[in-house]
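You will see chain A twice below: alongside chain B first, and alongside chain C after that.
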Partner chain A sequence: MAIDLDKCTGCGACAIACAQENNMPIFEDDSDIPKRVSFLELMKVTNDRDAKYPDVEVCYIPKMCQQCEGNDPKNPKPPCVSVCPVVATDVGDDGIVSQVWSRCIGCRYCQASCPYEARAFNWWKPRYEGDFKNSLNPEVSIASRGTVVKCQFCSHIWKRERDRAVENGVLDINAVTYTPACVASCPTKAFVFGDLNDPDSELCRLLEKEKDRKFRLVHTIDEKDEKTREKLMHIKNFPNPKVYYLTSKAWIREMMRFK
Partner chain B sequence: MKRTILLIGIPFLLTLYFGYVISQASCNYVMANHPEKEVPFNHQTHLYKYFPAMGMSKDDCSTCHMYDENGRFTGIPTVAECTSCHDPNGPSKDAGPETALRKPFLNKYKGTDKPWGSYAKQPDLVYFSHKVVMTAQYEDGRMKARCGSCHGDKAGSRNGDMIKGKMLMGQCEDCHTALHISNKCAVCHD
Partner chain C sequence: MGKLIGYIKQYIAFVKKEFNGYSKNVKIAIYVMLFFTAGFFVFGIQILFWGLGYTDMSNFYPFGQWIIGDLGLVGLGGGAFTTGFLLYIFRNDKLEPLISSTVLIGFLCYLFTFVFLVFDIGQPIRAFFIYMYPNWGPGLMPASMLTEVAWCLTFYFLILCVELTPVVLKHKVLDAIPVLKYIGHYLHRLMWIFAAGGTFLSFFHQGSLGGGMWDVMYGKASWFRAHHIYFFVVIILATAGGTAFMTLCAYVAGKVMKKEVVPKETFNSIAKVSGVMFVVYFAARLADVILMGTSWVPLFDRSYLSNLGGYYGLWMIVLEFIFIAGAIVLLLVKKFREDEKTFRLGIISGVMVMLTTKLHVVLNGSSVPNFPWKDFIGYNPTIQEWFIMLGGLSIMALIYMWFVKYTPLFPHVEQHGHHEGEAKAAE
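Right, the complex of A and B next:
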C-alpha cells in the first residue's frame, strides 16, 4: 500500500470507514487513545509545536498495521509474530499479518513488540448502543474482551473476492483483486493498494516513479546505502513494512527519520 | 467380606452406571438442537426410496439444501420448498414412491417466521464458503469434497438430528493438508 500524504486532506473518512467495516466498538471515553480500539489512526503532525501562523504546517498521517515482513520476504518474520506464545498471529500466503482473536490469550507481547503501535487491546467487552448492532458487518467477527485485534487489510473482503473467483473457476491467487475499506473511502485517492510482488501493478509503478518522495515510517535502515543495510540486517531483524508513504515536504521526512 | 462387597461395591457400581447414563443424556440434550419448527424428517427413505423413484441420485443434496448467493449455505429448506413436492391437496396415503404425500403438519408452520434452527454451526470467526469447497476439483475432474466428507453419512440417518461430535478445526486442517491447500490461519479466519 502507498499513501500520498500530499493528497491527504485529513478528512478522516478512512478511519471511519475502517471502524464501520471492522465493527469497532464505541466506548464512553474514546479520546483515551492508548485504550481505544481502532485499526486505523489518523496521526496529526506539525512541523514545530511553537511555530506561529505563517510558518506552521500540518500533516495527517493515516497509520494502520504496516504488515511488516522482516528481513527476508521469503521467510517473513514480523516482530509481532515471533513473540506470540500461542500462534494467534501469523503471516498468510498473501503477506498479510493475520490475528485470530479466539486464539489470543491477551498477553499483549505483540502489542509491546509492534514498532508502530498498530495493535489494539480490547479492554472491555465490545458494546454497541441502540440500533448500532443491527448495522454491524456480518463478515467480521466481534472479538471478545481481553484479546488483541489488528488491521488485516480487510482480509474478509479478500476472502469474499477469492471465493467468488474460485466459484468462477479462477484458482490463481494473484488474479484476485480487492479494495480495503480505507482505500475505497478516500475522496482524494491518496491511497494506492496493490501487489508489491507484481512489478506491473499500479502500486509498483507508482513507487518506482516516486523514488524521491517515498519513505516508510521510522524505518532506520532505509536511508543507509546497500552495503550497510545488508550488514545491519545480519545483526538485527528489521520490520521492513509494506506500507509506503509519499511526500514532497522535507520536514515530514526529517521527522519520520529515526534519530 | 461378602457383606462389604454387597454394601459398598454394588451401590458404588450402581451410582457409577446411573451417573454415566444421566451425564450422557444431559450432554446429548445440551448438544442437540431444539428447533421451534420440528420436522420428523427421514433422510434415509427420502434418499434411498423416493429420490431414485423420482429419477434423482441419492447424492443430490442440493435438491433441498441450496447455496446462498454469497456461496454460503441456506441450510434447511423452507416450508415452501417442502410443499413444492408435498402438495397440500395431494393424497394422504396409498400412493407409489413417485408421488409425494400430503403432510398436514406443514400447514401448522404456514406463514410463520420461526426459524428452523441450524443443525450445524461454525463459529463467527470462521469464514467458510460451501460453494468453494464443493466446486474444488482435482486435475482429472474429480471433486475434492462431497457433502459426506464433513457431514458424515447424513443420507443414512433417519432423523434431522445434529451430527454427533462437533466439526473441529483439525478436520478442516487434515483435509487441507491432504489436498495440498494452505493451512495458514488467514485462509479461513478473520
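Right, the complex of A and C next:
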C-alpha cells in the first residue's frame, strides 16, 4: 500500500470506513484514545508544537498495521508473529499478517512488540447499541472482550473476490484484485493499493516513479546505503513494512528520525 | 449436622484462641493483610467478569503492574532452585536448615505468578490454549518466549509441589499416619533428582521470562538485545537476588518469632553465595548497559540516553547499581556480613536490585515512545491493580505464616527444643 500524504486532507473518511467495514465497537467514552479499538489511527504531526501561523505545518498520517515482513520476504518474520504463545497471529501466503480473534488469549505480547502501535486490545466488552447491530458486517467476526485485534488489509474482501473469481472460472489467484475499505473511501485518492510482487501493478509503478518521495514509518535503515543495510540486517531483523508513504515535504521525512 | 456445627464452633474457638495469643504488632499486620486479601477477591471478581478496562494499561502501555509482579516473583523464587542446587548437588549441607523455607517461598512465588497471569490475560478462560496450541516452531526451539515460559513454569511448579510435599506431610496430623510419613521420608531422599530437574527448568524460564521475552522484540529499541544477552544476565540475577530474598524471608520469620530459626552459619553461607553472584551480575549488567548504549539501541538510530528519559529512566539504573554495590559490599565483606544490621541491609539491597531492575524493564520499556513526535507515557495503576497485587502478596505472607506455625519449616528451631510456636514467642 502507498499513501500520498501530500494528498491527504485528514478528513478521517478512511478511519470511519475501516471502523464500519470491520465492525469496530463503540464505547461509552471513545475519547479515551489509549483504550479505543480502531484499526486505523489518523496521527496528527506538526513541525513544531509551539509554532504559530504561518510557520506551523500540519500533516495527518493514516496509520494501520504496516504488515511487516522482517529481513527476508521469503521467510517473513514480523515482530508480532513469533512472539504469540498460541499461534493466534500468522503471515499468510498473501503477505498479510492475520489475527484470529477467537484463538487470542489476550496476553498482549504482540501489542508490546509492535513498533507501530498498530494492534488494539478490547479492554471493554465490544458493544453495538441500537441500530448499529443491523449494520454489522457478517464477513468480519466480532471479537470478544480481552482479545487483540488488528488491521488485516480487509482480507475478507480479498477472500470474497477470490471466491467470486472462482465462480466465474478464474483460477489464477494473482488475477484477483480487491480494494480495502480505507482505500475505497479516500476522496482525494491518496491511497493506492496493489500487489508489491507484481512489477506491473499500479502500486509498483507508482513506487518506482516516486522513488524520491517515498519513505516508510520510522524505518531509518532505508536511508542507508546497501552495504550498510546488509551489514545491519546481519545483526538484527528490521520490520520492513509493506506500507509506503509519499511526500515532497522535507520536514515530514525529518520527523521520522529520533533526535 | 449437629456434629458438624459443633466441629465448626470448636474450630472457630481454636482460631480465636490462637489469634489472641499473638502480639499487638502481629495482630495489626494480620488485619492489614486480611484487608488486602478481601480487596483481592472483590477486585479480582471485577477484573475477571468485567475486564481489564479497569486497569491503567492501554493500547500504548500494554504491560503493567501484574507483569512486574510476575517477573519479580519468578526472579525472587529463583532462590529456591539455587539453594536446592547448592544443597543437593553441591552438597553444601549448611543450607539444610533453610531448604524447606526456600521450597515453600519458591512454591508461593510460582503459584502467584500464575494467579497474576490469570488476571493479566484478557481471556483467562482460554489460558489452556497455551498448552493446546503452543507456538513451538520447528524442532525443540519454541518460537514464542511466552510458550516456553508457560511450559517451563508449569513443569517447575509441579516439581516444587513434589518438593513441598515432605514439608506438608510433616504437619503433626499427617505425620501421625505411617504411610504418609514413609512417603515423606522417601521423597526427601529422592529430592536431589527434583533439585537437578528444577535447576534445568529454572535456567530456561528465568532467562526467558526475565530476559528472553524482552530481548527478542526486535522492533523495540527499549528492549532489544542481539544474541539473547539479557536472557543470561537475568539468570545470574535470579541466583543472586533469589538467594537474598530467601535469606530475607527466613530472617524476618526469625525476627517475628524472636528465635534463631536457622543457624548463623547458614545465613553466612547463603549470603556469601548471594554476594559472589552479585559480583557476577554486576559485570554482566554493566556489559549489558554498555552494549545497549553502544551497540543495540544505535541500531534503531536512537540513543540509549534518550530512551532513559521519562519517569522511569536513568535514575532507576543508577539506583539499581547503588543497590548492587550495597549488596556486594555488605554481603561479601566478612565484617559487614557478621554484623546483623549491615547484614540485614545487604540482603534488603539484594532484593531491591531485583525490584528496581524489573520495574525498570517493564515501566521504562513500555513508556519509551515509538514515534519521534510522541512523548514518554506515564502509568498510574488503578485501585484494582493495587489491591490484586498487594492482596496476592498478603495471601502469600499468610500462607507462609501458617507453614511457619504448623509445620516444621525450620527444623533448627525444633532440634533446639523450641516447640512453642509464633504465638507464645510473640507474647
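Simple rule for what comes next: the second predicted complex is superposed on the first by the 257 of 259 C-alpha atoms of A that agree within 3 Å, B and C clash if a C-alpha of one lies under 4 Å from a C-alpha of the other, contacts with A are read in each partner's own complex, and residues count from 1 in each chain.
Convention: a contact is a pair of C-beta atoms (placed from the backbone, for glycine too) under 8 Å apart; a residue touches a chain by one contact, two chains touch by 3 or more.
As the structure is a prediction and not an experimental result, all values here were calculated from the model.
Visitor: Using the superposition on chain A described above, determine whether A:Ile142 touches chain B (first), chain C (second), both, or neither.
Guide: A:Ile142 contacts chain B only, not chain C.
Visitor: Is A:Gln111 contacted by the first partner chain B, the second partner chain C, both or neither?
Guide: So A:Gln111 only meets chain C here.
Visitor: Is A:Arg160 in contact with chain B, with chain C, with both, or with neither (first, second, both, neither)?
Guide: first
Visitor: Chain B or chain C: which reaches more residues on chain A?
Guide: C
Visitor: Please work out whether A:Gln152 is in contact with chain B alone, chain C alone, both, or neither, and reply first, second, both or neither.
Guide: first
Visitor: In the overlaid three-chain picture, which partner chain does A:Asp93 touch, first (chain B) or second (chain C), both, or neither?
Guide: Touch partner of A:Asp93: chain B, not chain C.
Visitor: List the residues of chain A that touch chain B in one complex and chain C in the other.
Guide: Shared contact residues on chain A: 87, 103.
Visitor: Name, in rising order, each residue of chain C that touches chain A in their complex.
Guide: Going by the criterion above, the answer is residues 50-53, 55, 57-63, 120-123, 126-127, 129-130, 132-135, 137, 143-147, 149-150, 213, 216-220, 224, 226, 299-303, 306, 366, 370-373.
Visitor: Residues of chain A touching chain B in their complex?
Guide: For this pair, the touching residues of chain A are 87, 90-94, 96, 98, 100-103, 139-142, 152, 155-156, 159-160, 163-164, 166-167.
Visitor: Residue numbers of chain A touching chain C in their complex, please.
Guide: Touch list, chain A to chain C: 34-36, 43, 45-46, 68, 79, 82-87, 103-109, 111-117, 119-125, 144-148, 217-218, 220-221, 232, 235-239, 255-259.
Visitor: Which of the residues in chain B end up touching chain A in this complex?
Guide: 70-71, 123-125, 127, 129, 131-132, 135-136, 182, 184-187, 189-190
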